[in-house]
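Look at the two complexes coming up: chain A is in both, with chain B in one and chain C in the other.
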Partner chain A sequence: MLDPYYLQQLTIGLSLGMIYALMAIGFTLIFGVLNVVNFAHGEIYTIGAFAGLLMIATFGPPLLAVLLVVMAVGALAGFGLERLAFKPFRRFSDEASMKSRAMREATLMSSLAMSIVARESLELIFGSQFQSVDLSYLINKQIQLGPVTIVNGDLIIFAVALVMFLGLQWLLKYSTIGLSIRAVSNNPLGARYCGINTDRTIILTFVIGSVMGALAGILVGLYYGAIYPSMGFTPGIKAFVAMVMGGLSSIPGAVISAMILGITESMATSVVSSVWADMVAYAFLLITLVFFPQGLFGARRERV
Partner chain B sequence: MILSRRLTVSLALAATVAPLAGWAQDAPIVIGYQLPLTGNTAQYGQDFKSAAEIALEKFNASGALPVPVEIIYEDSRSDAKEGVTIARKFVDNDDIVAVLGDFTSTVSMAAAQVYKKAGVVQLSQTASHPDFAKISEWQFRNITTQDQEGAVNAEWMHEKGIEKVAVIAEQTDWGQSVVKGFTTPFKDMGGEVVFEEFFNRGLADFRSIITKIDETNPDAVYTGFFYEDGAQFLKQMEQLGVDIPVYSTSAAYNDKLIELSGEAADGLFLTATFLPTREDAGVQEFVEEWKSLHDGAAPGQFPAQAYDAVNIMLEAVVRAYPDVTRESMREAVAATTDFPGVTGNTSFDENGEPLKELTKATVENGEFVEVK
Partner chain C sequence: MSKQLLTKVGMVVLLFVVVPAVLMAFDRGYFYQIATIAAVFVLLAASLHLVTGVAGLLHLGHAAFYGIGAYVAALLGSELEIGFTLGLPAAGLAAAFVAFLVALPTMRLISIYFAVATLAIGQMLYLIFLNWVSVTKGPNGVLLFSGIDFFGFDIESEIGIYYVVTAIMALSVVVLYRLTNSYYGNALRSLREDDQCAAAMGINVTVLKMQAFVISAFFAGLAGALWAYTTGYISPNDFNFSQSILVLAMVVVGGLGSLPGAVIGALLLILLPEVLRDVGDTRNIFVGLVMFGAILFLPKGLFGEVSALRFARRILGSGWSGSADNREVGWE
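Up next, the complex of A and B:
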């Protein structure tokens, strides 16, 4: 029989892992699967949370309506992000530019710039402090399960993450758009020669990924009751680590890694001071990069 | 010392050519204020600036001096390196006769080395690390130290028969001083500290720590956090159903704490110096002014500390006038006795420590109330 203390820590770890996974799914879709360097995902997450916050503050609709609006805002934000930070770098369609790593990796800077602009603007408008959220919207109502305590948010986040994950797997494997995403990520030039509309595919991937990012933002924001302009930073890093650990292009890999990350962090807190718990993610990143450059689950050619 | 020369000249002119006293307007007295206006702690710096502006505007309108006083604000982003750069900039600016800030103990102490060398008086509204005021005769602060607060809290818990305490605080110089300021007197009273840990500021998830605290079965938790971390901690305590009384410092004292954590804040005990509900003309004037600028929200303790710090500085300027130099400003600040501020009456002891009274408060039905 497991000590209730460790059982509780394990539960906390699982719920942390789920939160990371929620962020990692959309992140991996754009960054890993589509193979586009995007450092603005954390701000999409923040924008989602703020959109939800504004909805709650002005209209006070049921939670489901809030989530739908947030998804719409996420889609718009993803579209806008792609338009501003990524499309300009695809304006040359000659072979040399299409193959140029520099052109592709330039989006590292442009997406980072967008993320700074977004964060600072939010800070200017709302201030950098925690925003007040109507407490009745928080998804932290206690549920007692034998010796462990969880909250309703854990269940909601689990359900949403599961739907996102399965939906995305289906989309990528069995739908036409999924096929074109995989084609574009594999070889943009080849995809174009085959008659795939690469621009549309990329925009659509951004929209899907950003909808998920925004949804993650509002859910985690309501889970913790903490919505503030720099809230996307830490989860962004954790999602990045999970993606690298999972082998960059694998969504199941990223999700499993996110869970490992969450559980290790909460378990680590039992042994060392919580100040060191943040080190766990970086240690994993280092270990992965040094010993498993293909990700913890080995090399897998297929991008899904 | 261009300033003193220029000032003396203009003052001499103003004195001899009395009708042209308006000339002195050309040489305002300048005070530097280093504070975080952007970055993670920007909300505090913005509040300080707002409080300083209220105080300064009132002062300049009052006509206490024939020349206006000006404050130059520089953004330190709560970064020690940035703080030192600003300190050098202020020191090199001969117009600046005194300096206010910084926000955190870490940055204030880094910058203090520069002010110590250059001989500029530095008055921090919030740096509460025990070593800050000891750095040199040029450092003053307008906040009680954690040694003072810790002792009051230890005494308070001891009176209530609390014997086993878990202590957590943020991983900063300030957090360290919270822990030390409390554990030393508490152990001297025969109490036992069963758990001690630090966390990174801005930690989203306290649940692992709370589970660990619960495992050690303490009678109470003593905490060194600011209101945002505090709100997270209290909410997650309730979420996990952990029912242990929480004691904290004046840093947690902020209406936003209650706004962010709701009922979870009920039963929090803390020490404070400023209660906006206090019936005092000065306090009410400040609270009204603040509310009119901040959509009706009452000021927390920190803006009140800043408001008083600026007023103490302005009073010192009046005392030093007309010979306002860096040296005379230090004497004038040190001479502050029973300054009637919104955070209680303030005098400085020989180390630049403020002598203030602490109020014990608790949260009841979503409001901070004084514990008699």
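Up next, the complex of A and C:
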């Protein structure tokens, strides 16, 4: 039988992986439809956490209401982000400029610029230190489960993530919205010729991805009790790593990679000091890029 | 001919006579500090310009190589008592060596994959600066008390430091300038435009990218050493991701592929926040907004590549127009 310590680490890793997966889905969705990386995704996560924090501090509603408000804020943030940082660079919709590298890099840098503005504004308003969270909202009540101690946060994260994944799969497979998202990510110009409103589809993708990102933010904030303006950076990179490992366009691939990442990271802390745990993700990224440039689960691509 | 000479002399006079005179006239330590910081960042932006602007490789970890230079110079200076004269080239070479090692596996990646790889490498190096406490002193940073001993001359006065930093910066920028406006630079530009096509024309794409990356890291290392010696204290946060972005913003705002643009961008993003200091601690928001505005409204940058090339052809004059049958080279 496994040592209970490792089971413990495994549960921690699983909930960490779930969080990364929630973020990685947003990344993957947006990459799928626009073929650009949204560097401001980490800031959506932070904004979600701060929205939840403000909600708790001012009204103190039940947890479910907080989550719903956070989702609404995330949707709004995603909408705003798309309008500000992505829309202006889709002025030209012909095939050449859609595939042009310069356009893609301009979009990438504009999302980077937006993320700086968002993070620094939060820092200006709230200060860069940890915010105090109402203790009764923290989701770290311990539950004994045989030899393993889990906290109720693990269960909540697991439940929320599961609902989101299943909902998303349903949405993508069986709804008109999902169909149009899949169409646009397959071939934006073709989708437009078929009468799909690509602009609306892109906005919807941003909204869905950002809702998940914001939800991940508040859940982590309440799980660790740590909410601060630059909290989105590291998970953002981890989610990105998961996306690249998963092969950029595959959502199940991204979810599985995020799980692998979360578990290895929490296992790594039992071997090396926790400050080096972040190294694992970066090492994974480099190894994936160098040895599996197609990603672990992705389809073949022309060039990497 | 005289016009070319005039521009060159004018720049030298501006750097080594006018600016020092102004600094002396005000004679405040704070101004000297800003002038030297601006010089360091001009060098840093110029080095990133080579790899991101000319060779077209989006580099998101440049600050880490700058950090290697700073740490090597500072640790050599404070632990081993190796002064500036040797520490400066050592810093550059160390950064170039690490860049070479890093480039070996990552150089064949293209566009966004390369950007992500450099991001990961930058973060890994930052984690090493932060957590390898026994060598880098971790979050406490490294203190460097010794002044600049430049070939036996001990330089301690502020104006002296300004001269040394500016001289090294100016020399490096001239080297980078000649490099980007040579046939070598044209080869780099060709692989930015279309690397497959460049490869088909017989250019060794991987080797060329690697060289650009290593040369850029070398100059970033020099900038790091200058930074360590002018501020006397370095800590990991001087070399984190947001610094990489700051330098990238300088290059983007100035205009990708234009060295004068990179210099202007560096000056703008260093000096304007200092001017706006009264507004409050909004420096980084300002950086983000300037970057966003530049991408949105000035996609070619403040001093775009075409004007930069035209400028270069005027300055370098004969080297460009003097082909065998006296035809004009390039486009007008």
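As a convention for this text, the second predicted complex is superposed on the first by the 290 of 304 C-alpha atoms of A that agree within 3 Å, B and C clash if a C-alpha of one lies under 4 Å from a C-alpha of the other, contacts with A are read in each partner's own complex, and residues count from 1 in each chain.
Methods note: contacts are C-beta pairs under 8 Å (C-beta built on N, C-alpha and C of every residue); 3 or more make two chains touch, one makes a residue touch a chain.
Keep in mind that this is a model prediction, so the values were computed, not measured.
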So, after the overlay on chain A, do chain B and chain C clash or fit? They clash
Touching A:Ile116, do we find chain B (first), chain C (second), both, or neither? second
| field | Which of chain B and chain C A:Thr149 touches, first, second, both or neither | value | first
For A:Leu108, select first, second, both or neither according to whether it touches chain B, chain C, the two together, or no partner.
second
Quiz item: In the superposed arrangement, does A:Ser128 touch chain B (first), chain C (second), both or neither?
Solution: first
Self-check item: Which of chain B and chain C A:Tyr5 touches, first, second, both or neither
Solution: first
#### Entry: Which of chain B and chain C A:Gly225 touches, first, second, both or neither
first
Clashing segment of chain B (vs chain C; choices 41-49, 77-85 or 293-301) is 77-85
Check: chain A residues flagged as touching chain B and also chain C 120, 123, 273, 275, 278
So, in the complex, the side of chain B touching chain A is made of residues 38-40, 42-43, 46, 171, 197-200, 202-205, 207-209, 211-212, 215, 228, 231-232, 235, 238-241, 256, 259-262
In the complex, chain A touches chain C at residues 37, 85, 88, 101-102, 104-106, 108-110, 112-117, 120-121, 123-124, 233, 237, 240-241, 244, 273, 275-276, 278-279, 282-283, 285-286, 289-290, 293, 303-304
Touching chain B in the complex, chain A uses residues 5, 8-9, 12-13, 16, 120, 123, 127-130, 132-133, 135, 138, 140, 142, 144, 149, 151, 224-226, 230, 234, 265-266, 269-270, 273-275, 277-278
Per the touch rule above, chain C residues touching chain A in the complex are 58, 105-106, 109-113, 115-117, 119-121, 123-124, 127, 130-131, 241-242, 245, 248-249, 252, 280-282, 284-285, 287-289, 291-292, 295-296, 299
